[in-house]
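In the two complexes that follow, chain A is the common piece, with chain B as its partner first and chain C second.
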Partner chain A sequence: MAMKEHGKLTERQFAGIIANTLLGAGTLLLPRDITAVSGTGAWLSVLIGGFISIILLLLLINLGLRFPEETIMEYGMRLTNKWIGGLIGIAFCTYWLFITGIVVRIFSLMLVSSVLLRTPLEVIVIAMLLTVLYFSRSDLQIVGRVNEIYFVFVILPIMYALFLGLREINLIRVLPLTGGKGIMPILKGGLKSFFSFLGFEIVALFIPSLTTQKLAYNYSLKGIVTPLVAYIITMIVSVGVFGVEELQTLVWPTLELIKVTPFPGLLLERLEAVFIAFWVVAIFTTAANVYYASVVGFTQIFKLKEHKTLTLTLLPLAYLSAILPDNLHDVFEYVDIVTKFAAGLIITTIIIYFAAIFIKGRKGDERS
Partner chain B sequence: MKKKTIRERINEILSNRTDNPGEKAKKEKLGQKLKENLKLIEDIIGFSDDVVVREFQLGGKTGIEAAIIFVDGLTDKQVINENILKPLLIEKFPGDELKDPARSDIIKFIKDKTITINELKIVDQLEKVIDGVLDGDTALLVDGYIDTFLLNTRGWDKRSISEPQSETVVRGPRDSFTENFRTNTALIRRRIKHPALRIKGISIGKYSRTNIAICYIEGLTNKYIVEEIKERISNIDIDNIQSSGTIEQLIEDNHFTPFPQLLSTERPDRVAANLLEGRVAIIVDGTPFALIAPITISIFLQSAEDYYDRFIIGSFLRVIRLLAIIIAMTLPALYISVISFHPEMVPTQLALAFAGGRAVVPFPAYTEAFIMTILMELLREASIRLPDPVGSTIGIVGALIVGEAAVSASIVSPFMVIIVATDTIASFAIPNYSTAIAFRLVKYPLMILATIFGLYGLVLGLIILSIHLAGLKSFGIPYLTPMAPSRLGDLQDTVLRPPIWSLRKRPEHLRTKNEKRFSSTGDDDGYERTR
Partner chain C sequence: MALGLDLAERTETENYEYISMVKLTAQVAIPEKLSGGAGQPLTTGAEAVWNVSAIDRNVSMCYVNLQQRLQNELFLGHTRVLVISEDLAREGLSRYMNFFRNNPEFRRLSYLLISENKAEDLLNTFPKTANLQAIYLMNLIEDEIQRQTMPDLPFIEIAIRDVTSGVDPIAVLISSDKETGIIKYSGLAVFRGDRMVGKLDVEETWSYLQLAEGKLSGLQVVRDVESEIGRLSIVFKDLKRKMRLVLTEKGNFKFECKLSFEGIIFSQEVPAVYTKEIYLDQLENRVSTEVKREIETVFYKVQQKYNADIFGFGELVKAYMPEEWKRIEDWHEEFKKVELELDVETIIRRSGMHM
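Right after this comes the complex of A and B.
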């Protein structure tokens, strides 16, 4: 298939794809959602969520490296059979489509409530999805390059804002570091924080295209640890600035964080519009990468020649999933369901495929 | 007599009609009779007035008929008189050998003992004779011989080397290319006196027969790039090429983009520097601009002068240029989005001043912005086309109308004038003309997006732009190269201009065969290696 020629993706681009995919809507919601469950121990929850994701990511890469010429869709269908493998693949792709919509929706909600007060939500969603459409028509090489450039644009502003926020922290609000409610809330928060790490599984599609597959572990770790660190700092800073109780009353805690942080001596008085501008990039990379993965996944399941055929076809579905929830509350419920579904899907997939390898031996390697 | 079918008659008529002189020159052959040859050549050239045929007899008493043919205006007549006609008419030809059947000795005699022209060719194909004559050579035909001399007597009026018009520098060489092909190749040769410099000629254009030279450094430039460029150029099938711009459009990778994928420059020093970085230069006869390929996005920031000033100054200038690009591309769009969507972004007093200035303006901010930018485009275009004395009038009219009248008539606000003026100045600060135009063009879609979505639209527009740029290639090399795919070694010479001593290697992405710029590490001389 046209998509997975060896050497189309450098390792740095690979890491960039992981980091950009993860950093997105997560930063917007994370502080309130997790602190609601695990209080001041929220950063531990994020750490746990990140840890689980890292393990799953490494397992996925281990799986992928056993079949250096095939993507998860292809070896999945060969390892089990057309139906089980196909079904798993379709489950993944559909859920990616869904994520695309949800991420765009969350961001559009924030835009509508903060800067584009009079623009209809649908128009904002459509504008973003059209940009995603333009992106998804590109070749994998271009996807890699775009991610490589945007990595800087995504990570630097977030870090800048957070480090400025560090000055406003009141340590009393951060303590106790363990949350003081025992281990269960923290674990629950860990599952909840898993949403912010979703998207790492798209790497299973890109492993065969890597230039140096040996470096996949190394660079995927770099790719996932960056957002993990960013999230933990976000947690600590937002808890330190607002405190757990006040966080619950804020709809967009990270945005509020930027609003209350003074920016010394700049031309612009209020920087949230500028940060939202950078956030557009962060959201775009998440939505675009996941949508791209979905398109490519479907292409491989149905053994189509070119992924461009599907880009336009699948876009209405992404749009539907974006406008399906009625309001922010609905969105959060969807997010919860998706998070659980994704966790289950990824774990079952890994178990099934490893079991299949165990039963069949390493037949996959011989063919390639 | 057999009656001809209609088909045969049509074919006959058609075959008679294809009396294309070019085709005919290929088909016909030179004979031994001088008269017939002359008639053939005159017939093909079509008795044009500027073609001069001078018949004479070789010197002495031999009585051998001969003739020279040349194009008046393309040739140096003094050379023809002094170095061709004079020796041929005066020299005593060995009469005895005339009776000798091996008469080709006369040709040898002329070549070895008579003519004092440094470059001559002996050809026996009609096509070559005609091509040579049209290129400025003088053809010498001798009765009884197929062999014809092509004597290099090229010389025509040409502009002398002058200062570059579009790439002026304060500190640096002041010579620039001219319309004359040989002058241009000589300018490069003068700057790279190494035997590894290759200048390979090719002629393109069915009618214009334009000479094109592909220059590279043997043993340094990546072979594949050279081959690719040669192939693309020789695949060109077109009747007319008058400028390197035409070549550029015919061999570039992506056509649907405003961004240049070949650098066109009129500075020999820049060509030489790029050749030694591992790029290839294309010189087109009749154009004072050389093309350089492959290029990446970093040329947007580069000017020839960067490397002549100290590195701190060079780096500073590059940062300024980056700023210029950002301003030229986004400033009007930014203004529209701040005024229409995010007035809270700017300090309150500035926002009040904006509002105060705009209070009397009847249009929304975007209409105002479009009016002013389009007015500015008109001014620019007008001032380029007009002759100098009238051009300055345009400046005054523009300044008065745009600066004064428009504001006092409340069509635009004073801030808008500042914005558009800054934008225009910034676009002049972009060192490369075709790049500046590209960004000037990109400005408009961004303004439209900002009108609809504010800052959000502006960022979406920039995202689309960057996806577009990521998809571009220049001769197989990704356009965004030092950044994506990232080459850390090349990144240092993009936004900043590092000290010369730290640029130890040629750009990685060009995959040169000889990476080191300094010979202290030995084995630097590409020439030695290729031998």
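Right after this comes the complex of A and C.
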């Protein structure tokens, strides 16, 4: 199944897909995870994590543009051989599947511990996964449109909450800007923040479907810089409001942040419910995009005709990965492992494929 | 009311220590009394609310226990004010606050108060103008905050100060008198770690606010320059605060604080005329000296007697001298040696309507 049969993506939709995939569960955990390592220098960590992601993203696009007709699964197998390419492809798809589960799990955990106190976790997980299933049965065109529209619902509430939070900042808590612990903690934090940027690698599947491939660089940058800015503001606001030490005691720092930012006037209290409603959209787009990528990826590796065949088949696996961790701490450990695995996978893939291009001396295919 | 769900509960929770037993009192609003029929006056004070208590081993048990005494489910999201009695605060706050911190319904922005009397008594004190006692308490605090005579201390701020090294918590002290129904703001409770170690009275609190937060606070009373007999009250209209942190040769931290006040004469007891430049200058000097003396008294009291860094000087060190901060093991020890250099400057702008 070649991707282009599945309809086209406009550049704006392409950027929307990147931004929506990135803005997800990461926002919920980011402030605590990273300040634990790099203290007040956390925003620098995010910046570093972001820059690494941008470089990797651009490399992936560069790779993809050399084969304008094929996705990473297809040219991967052609460049190396069936086994190496296939293995890398399977690794990617499995990891995407796993991420789907983890993202849904993290969000469900937050829901049951803060809003839906009496709902069993499984109910929320299943409900979210079913929506994801419905979504992933559609064509790429639809995926693009949904992402384009939902982008507004994802970014506006987040930004709005953060700007409300800006008023509550206690500047003394943001200082020292470098964290005061030296450079190593910041770099470590950078690696940690990588989880929040994961998901950008799905672009490797969508490049052949772009209408104007020349604009891929431009719009992918737009797509990834939006979350980067949102993350940095999240970091600064949450550190400014809570301080590093308090952040370590909060399980859901971003949610807590919304709880402590009063809406001007007594008009709307307990605004967190509204934000959680919007967060569902953010989590949904993340999980759905990644799951869609996983399904399409598997389809191409096994050279199936239609990706709809696999949507339902893979869902139990996503569900399993969602309920696999025993508790909150397990989830965080899984996140850690996945982050490291993904970083390794993306970097090795890029190195192997570029090496293959170099050895075979191919410049890539011309666009037909 | 048709459904129990509509019930507007004002759950005010308070605890007081009774041989490691805790008593939780919830102030619940009675919805029928609040609605008020046509032409009927609203019920106020003691009749509009119901205070229910439960005694048990810890806050969670009390909560469960309390729930058994109420038909409707307690909804902590309605809590406006959390009152904790002084003796409990002296035992340490953290273990009692944890219940509220873990509870997803409890508002992080509701106020935590320390009651000089039993907290239950405070909740049973009904001022004449109070429609709903809890709301009255909340408004009392918010008004004081707006007048800049009270630090803004929602629950979360105290929790943050509790865990953050380099700043110690403070909480608003409230005293109450059941007989007269008077609820009064009576200063600040000073904590060291999570234990309450002392108090500042209202005037000391003003000095604290000027130094720590740069807020205007209340009146400043000085002797009259001309006659030396009467007194003058000055009210400040503007305050600029500049803090500078330096390391002395001995390796101690020195905080150089410059406060520039702008004030007006609020009232005077003798008819001295402040049109002469020299009198005004002298008056300004006098105010500066007085403010300086008061702030220093409060600072040394807190530093030497309580050894609690409620000013957040540790945070300043952390922010501006991270290298030095790494070296410090116990900030409280270091805080004992902190020096404060105050520089107060006052300008009197106006003298009211009467000369």
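The criterion applied here is as follows: the second predicted complex is superposed on the first by the 354 of 368 C-alpha atoms of A that agree within 3 Å, B and C clash if a C-alpha of one lies under 4 Å from a C-alpha of the other, contacts with A are read in each partner's own complex, and residues count from 1 in each chain.
Just so we're on the same page, a contact is a pair of C-beta atoms (placed from the backbone, for glycine too) under 8 Å apart; a residue touches a chain by one contact, two chains touch by 3 or more.
Quantities reported herein were computed from a predicted structural model and do not represent experimental measurements.
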Touched partner set for A:Arg12, first chain B, second chain C, both or neither: first
Touching partner for A:Tyr75 - first (chain B), second (chain C), both, neither: neither
Partner chain(s) touched by A:Arg145 [first = chain B, second = chain C, both, neither]: first
A:Phe135 touches, of chain B and chain C: first, second, both or neither? first
Touched partner set for A:Ile276, first chain B, second chain C, both or neither: first
Partner chain(s) touched by A:Val115 [first = chain B, second = chain C, both, neither]: both
Which superposed partner A:Tyr291 touches (first chain B, second chain C, both, neither): neither
Contacts of A:Phe67 with chain B and chain C, given as first, second, both or neither: neither
Superposition-derived comparison: chain B or chain C, residues of chain A touched: B
Contact residues of chain A, present in both the chain B and the chain C interface: 115, 269-270
Chain A residues within the chain C interface of the complex: 113-115, 117, 172-173, 175-176, 178-181, 242-243, 245-246, 248-249, 256, 259-260, 262, 269-270
Residue ranges of chain C touching chain A (in the complex, touch as defined): 77, 101, 104, 107-109, 154, 156, 159-160, 163-165, 312, 315-316, 318-320, 322-323, 325-326
Partner chain B, residues of chain A touching it in the complex: 10, 12-13, 111, 115-116, 119, 124, 127-128, 131, 134-135, 138-139, 141-142, 144-146, 148-150, 267-271, 273-274, 276-278, 280-281, 284
Contact set on chain B toward chain A in their complex: 341-342, 344-348, 452-460, 463-464, 466-467, 470-471, 478, 480, 483-486
